[in-house]
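Right after this note come the structures.
There are two complexes below, and they share chain A, which is joined by chain B in the first and by chain C in the second.
For the complex of A and B:
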C-alpha cells in the first residue's frame, strides 16, 4: 500500500519536475523586459537558490543548520576573480580550481564545526562566516580590500559568450538542475541513507560501526561544494565581487530564502529564492512605505512564527487547518499519512535542532 | 616593557567590555537555552539610547542607566511577544532573533544614519591615570570600564550564588520542569532574566560607545565577539565568560600590537584550539 502511494507520488513528482523545467526553458523567450526578468529575477534566483539548496540539503539530511554557506560561495568567487582577472589564468583551469578551493575550505571548517550540534553549530558557523568577512577585508593584497575585484571578463563556452544573458541563464539553469538531481540522487544512495540515520540517532549509528564524525564532515563538505558552484555563477552575474557580498546581511539572505521556501524540501530553495528576489525588487517601489531590509526581516519573522514549513509546507498546513476546522470537536485522525509531511515541514525547529 | 603593559591593559579593558556584553548573552542562554542573536543589535541600540539620553540630560550616568533600562524593556518585549510561544524550539527562536536583529539594524540606520557617534566622556573620567611605576599612564575612561566590569561581575556572581532568586536560576538551568513543579512561577523568572541579560547588552553599548564609536556594523562586530567569547569560555557560565573575555581580549590586542596582519586569524585560531580540545568551551558543561 505505502509502496503504491510512494510510486504514484514519485511519478507525480517527476511530471511536476518536467513541467517546471519546460517552463523555465521557455521563460527567457516569452517574458517582457528580459534584462529585468531574465537577469535580475531569473539568474539571481538560480544562484541564490543553489547556495540556499546547499543549506537546506545539509539541514534536511543531517539536521545541521549552517549560516556559513556564503563563506564557501565567497571563496570560490574570489578565487576565480583573483586567478583570472587579477591574474591571467584560463577559465578552464580557474573554475574547477575555485570550486575545489571552496570545497576544501568547507572541509576544513567542517573538521571543527561538526564537533558541535544544534544552536552551537549555528553560532559557530555564524562566527566563521563573519570572520571570513573580516579576513576578506584584511587580505587586501589578494582580495582588493573594500573595493573588491571588478571588471570580471565573462568566459566563452563552445563559441557562446557568457556575456549573452540567455547563455548565462541556461548555464545557471543547467547547474541548478544538475545540483538538484545530484541532491536527489545522494538521498537514495547508502551514503545519503546513512546520513539520515546519523541525523535521527547518532548513538545507534555509532554502535552499528558508522563513523558519525566523518559522515558529518563529508555531508558538510558536499554542501560547501554546492555553495562553491553558486559562487562562480554569482561572480559572472555580478561581474564583480566585494566584501559586501559576504557580509552578515547576505548570509542572512541565504537563511531567509531557505526558511521562506521551506527547510523540509530542497526544491523549496528555488521557490524561496524567487520569492525573495521578487520581494526585494518590488519593495523598492515607491508605493511601499517600508524599507527593503525591514520588510524582509518582518516577513522572515512572520514566516518563522506562523508558517514554519515555508512555501512548500503551505499546502500541508492549509490541509491540516481545514481538517481541524471541519472536524472541530471530533478527535478523529484517521489519516495517518497526513501527519508525516507536516512534521517534516516543521523540521525547522525540531529535527534540525535536536540533530 | 611599558608597551607590553599598555597592550596588556588594552586587552583587559577590551575584555571588560566583552564581558559586560557577553555575560548577558550567556545568562539568557544558561537559563532558557535561548541564543539571542539580536544581542549585537541590542548593544548598538543601547549605545544610541545612551547617547540620546546624554544629549538631553547632560548626565553620563543617566545615559548608562537609561540605556540599560530601555534595552532591558526591548528585550523583554521581544521575549514576550515573539519568543515565548516558540521557546521550546531553540533553533526557531535563534532564527527569529536574527530577523529581529535585521529589522533593528535597518531601523537604526534610518534614525541615526551612517555616521559614527560617540558618548562624551564625563569630566571626571577625562585624562590619564598615572600608575606611578614604569612610567605607565593610562586613560581613566578605559580603566573605569575595567572597574565597572569587575563590579558587575561580582554583583552577578553574588546574585546568582547568594540570593534566593539566583538559586532559582541555577535550579532552572539544571531542571526547568522540576523548578516549575515546586510552585515557582518560572515565567516571571524567565522574564526577569531576559530583562537583565538584555539590560547588560544595553549597558555595554553605552559604555562601549564612550570608549569606542557607534556606527552601523558595530552590532555585528559585538555579536561576533560575544559569540566567540561564549564559545571559548563555555555557554551558560558567567565565570566562563570572564575567562573567555580575558583570553579573547588579550590575544586580539597582543596580536594587534605585535603582528597586526594576524590579529583576526589568531583570535579565530584561539577559538579553534579551544573547540578542538573542549568542544563545550573551557568552563562549559557537556550538553
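For the complex of A and C:
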C-alpha cells in the first residue's frame, strides 16, 4: 500500500519537475525586460541557487552546516579568471581545471573540518571562508587585490557565445538541473543512504563498520564540487571577480538563501535564491523604510522564527496551522514522519502564539 | 537540525505550487527583445569584436521626449549607504537634496525623479545596482558611486552601456579616469592621487620628515592616495620605512600599531569613515606617539564629530584634500556651509568631503542638462555628454572644468586639525596648491618609494 502511494507520489513529483523545467525554459522568451529579468534575476538566482544547494545538500544529508561554500566558489572563479583572462589558457582547459581545483581545496578543508561537529564545524568553515577572503585580498599579484580580476572574456562553445544572455542562462539552467538531479540521485545510492545513517547515528554506523570520517569527507568534497560549478557561472555573470564576492556578507547570503528557501529541501535553494535576488533588487522601493541589508536581516530572523521550513515548507505549515485551528489540538495522523516531541511542542507553541 | 529536516524531504509538488505562484507573477505580456547581448566588458588584448559591449538596445520603452515638454527625467543614483562610509553617504543625500531644492526639483522644464540604490563599497554590488537601474528602471543617467573600488567597476560597466551617462559622485580611484577612460564617465572632482600629491612635498620640505611609514586601506582609492603622496614625498628626498595595508572595514588596528617601527619621523595614514574613527581611538589607546599625516578622508567632518574618542590623536594631524577646511576665508565656501547648516540644522557643522563632492557633481549634471535644453534620451545622451565636456562653472570650492579624460582638476587645500576649545575639533588652512593636474601613474599597492 505504502509502496503504491510512494510510486504515485514519485510520479507526481516528476510531473511537477517537468512543469517547472518547462516554465524555466520559456522564461527568457516571455518575460518583459529580459535584459534585466534573465540576467539580474534569472542568472543570479541560478548560480546562487547552486551554491546554496551545496550547503543545503550537505546540511540535509550529513547534518553538517557549512558557512564555507564560497571558499571553493571563489577558488574556481579566481582560477578561471587568472588562467584565462590574466593568462591565456583556453576555456576548455581552464574550466575543468578550476572546478577540479575548487573540489581539491574542498577535499583538503574537509580532511580537517569534518572532525568537528555542530557549531564548531560551522565556526571552522566560517574561518576557512574568511581565510579565503583575506588570501585573495592580499595576494594582489595573483588575484588583483581589492579590485580583483575584471574584463572577463566570456567563452564561445560550439559556436554559441556566452556573451549572449540566453546562452549563458541555458547553460546555467542545465548546470542547475544537472546538479539537482545529481543530488537527488545520490540520495538513493548506497552512498547517500550511508550518509543519512552517518547523520542520524554516527556511532551505530561506526559499529556497523562504516568509516564515518571518510564518508563525511566525501560528502563535503561533493558539496565543494557543486560550489565550484557555481563559482564558474557566477564569474561569467559578473564579468569580474573581486574579494567582495567572497566576503562574510556573501557567505551569510548563502545561508540566508538556504533558510529562506527551506533548509530541508534541495529545490528550496532555488526558491530562496530567487526570493533573495528579487528582494535585493526591489527593496529600494520608497514604501520600504529600511536599508536593504537591514531588510534582509529582518526577513531572515522572521523566517527562522516563524517559518522554519522556508518557502518550501509554507504550504505544509499553513496546512498544519489550519488543522490545529480546526482540530483544536488533535494531531493529524496522515503525516508519516513525526517530529520529536520537543520540537512538536515548540512548533505548536509558535503556531499558537501566532494564531 | 536532523529529524525536522526529514519532514520536508518529500513534497516536490508543494514546491511546484510555490514556483507556479511566483511564475504567474513573473510572466507578463510578451515583449521579446531582439538583442540578447550580456554587454560584457571589452577586453582590449583579445581584439575580438564579436559580442562585446553591444548596447542592450531595445530595452527602453520610454516614450521619446521632446525638449522641455515636461517629460519626467529619471536619474539613477548609487550611493554607499551601507558599509564603512554610510555616514558620509547620508550626508551626500543631504547635499543632493540641496541641489534639487535649488533647481526646484526640475531641470529644463522636466520634473526630476531620482531612484536611489544603496551599495556597500564592493564593486559587484555597485555593478548589480547599476544593472538594475539601467535595465529594469531604464535610466539614462547614473549619479554615483561613492567609493573608489566601485568607481573603477562602474567605469568599466559604463563601456557596455554607451547610451547611459555616468557622473561620479565622490569616488577617488585613479584608474577610473586614467586607465582607458570611458567616453560616458564624468568626474567633477579630482582624484585620490591628486589630493595627496602636494602633501607629499610639504611633508618632506616644510615639516622636515624624512623617514615615514604608511598605513592605508587596501583598495583603489587609498592606493592612489599613497601613490600620489609618495611620488612627491620621495621626489623631495623622503624615505619610507614600511607600508601597511588593511582591508576596507578593518576595525582592529592593534597589531598594526604594535608593528610600527620606532624610529620613524611620522606616519602617513589614509583610512576613512568608520575605519578612521577606529584607528584614531585605538592610536590613543595603544600609544601611537609619532605625528600623523592624514589622508584626505582621515580627519573629515564625519570623523572629527564622531562618537569615538578621537580628540587626543587627531589634534595636530596635517592633511590635504579637495575641499577647504571649514574656517577657510573663501566667501563662496562660507556661504555654502551656511546654506548647508540652514537646510540641515541637525547634521554636521560643516558638510563632509563626500557631501561637497556629491553637491558639485550633481549640480554639474543638472547644469549640463539645463544647458542642453533637457535633451537626454533622444540621442542616447550624445549631446548631453558633449555639453558636459565643455561645461565650466563656479562651485563653492572653486572653478570647475574637465580635462580630456573627463576628469576635473581643482585646487588642493593643505590643513591641520586644531583644538580650539570647542566641543568638536576644528581645521585650519595652511596652504593651497592651485590647479593640481591629473598624474600619469595608475597607482597599485606600493611597498616603498615608487
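Definition applied: the second predicted complex is superposed on the first by the 326 of 355 C-alpha atoms of A that agree within 3 Å, B and C clash if a C-alpha of one lies under 4 Å from a C-alpha of the other, contacts with A are read in each partner's own complex, and residues count from 1 in each chain.
FYI, a contact is a pair of C-beta atoms (placed from the backbone, for glycine too) under 8 Å apart; a residue touches a chain by one contact, two chains touch by 3 or more.
Bear in mind the structure is a predicted one, so any value in this text is a computation, not a measurement.
Look at chain A after the overlay: chain B and chain C clash there. When the shared chain is aligned, chain B and chain C each come close enough to touch A:308. In the superposition on chain A, A:135 makes contact with chain B only, while chain C stays out of contact range. By the touch criterion defined above, A:33 reaches chain C but does not reach chain B.
In the superposed model, A:145 makes contact with chain C only, not with chain B. Within the superposed three-chain model, A:127 lies in touch with chain B and out of touch with chain C [touch as defined at top].
Using the contact criterion defined above for the overlaid structures, shared-chain residue A:154 touches chain C, although it does not reach chain B. Contacts of A:199 after superposition: chain C is touched, whereas chain B is not reached. A count of residues in chain A touched by chain B and by chain C gives the higher number to C. By the touch criterion defined above, A:65 lies against chain B and chain C together after alignment on the C-alpha atoms of chain A.
When the shared chain is aligned, chain B and chain C each come close enough to touch A:293.
Of 22-30, 274-282, 346-354 or 382-390, the segment of chain C whose C-alpha atoms clash with chain B in the superposed model is 274-282. In the superposition on chain A, the residues of chain A contacted by chain B and by chain C overlap at 65, 134, 138, 247, 249, 291, 293, 308. Taken in their complex, chain B has these residues touching chain A: 33, 35, 37, 82, 85-86, 89-92, 94-96, 98-100, 102-103, 105-107, 110, 220, 223-224, 227-228, 230-231, 235, 261, 264-265, 267-268, 271-272, 275-276, 279, 287.
Within the complex formed with chain A, the residues of chain C that make contact are 1-20, 22-23, 26-33, 36-38, 40-43, 46, 48, 50-52, 56, 59, 81-82, 115-118, 120-125, 127-128, 131-132, 135-136, 149, 152-153, 156, 175, 218-220, 245, 247-248, 444-445. On chain A, the positions that touch chain B within their shared complex are 65, 112, 115-120, 122-124, 126-127, 130-131, 134-135, 138, 247-249, 252, 255-256, 259, 291, 293-294, 296-298, 300-301, 304-305, 308, 348-350, 352-353. Interface of chain A with chain C (complex): residues 9, 12-13, 16-17, 19-20, 23, 27, 29-37, 39-40, 44, 59-60, 63, 65, 85, 134, 137-138, 140, 145-148, 150-154, 161-166, 168, 199-200, 238-240, 242-245, 247, 249, 262-265, 267-268, 271, 274, 280-281, 284, 291-293, 308-309, 311-316, 335, 337, 339-340, 343.
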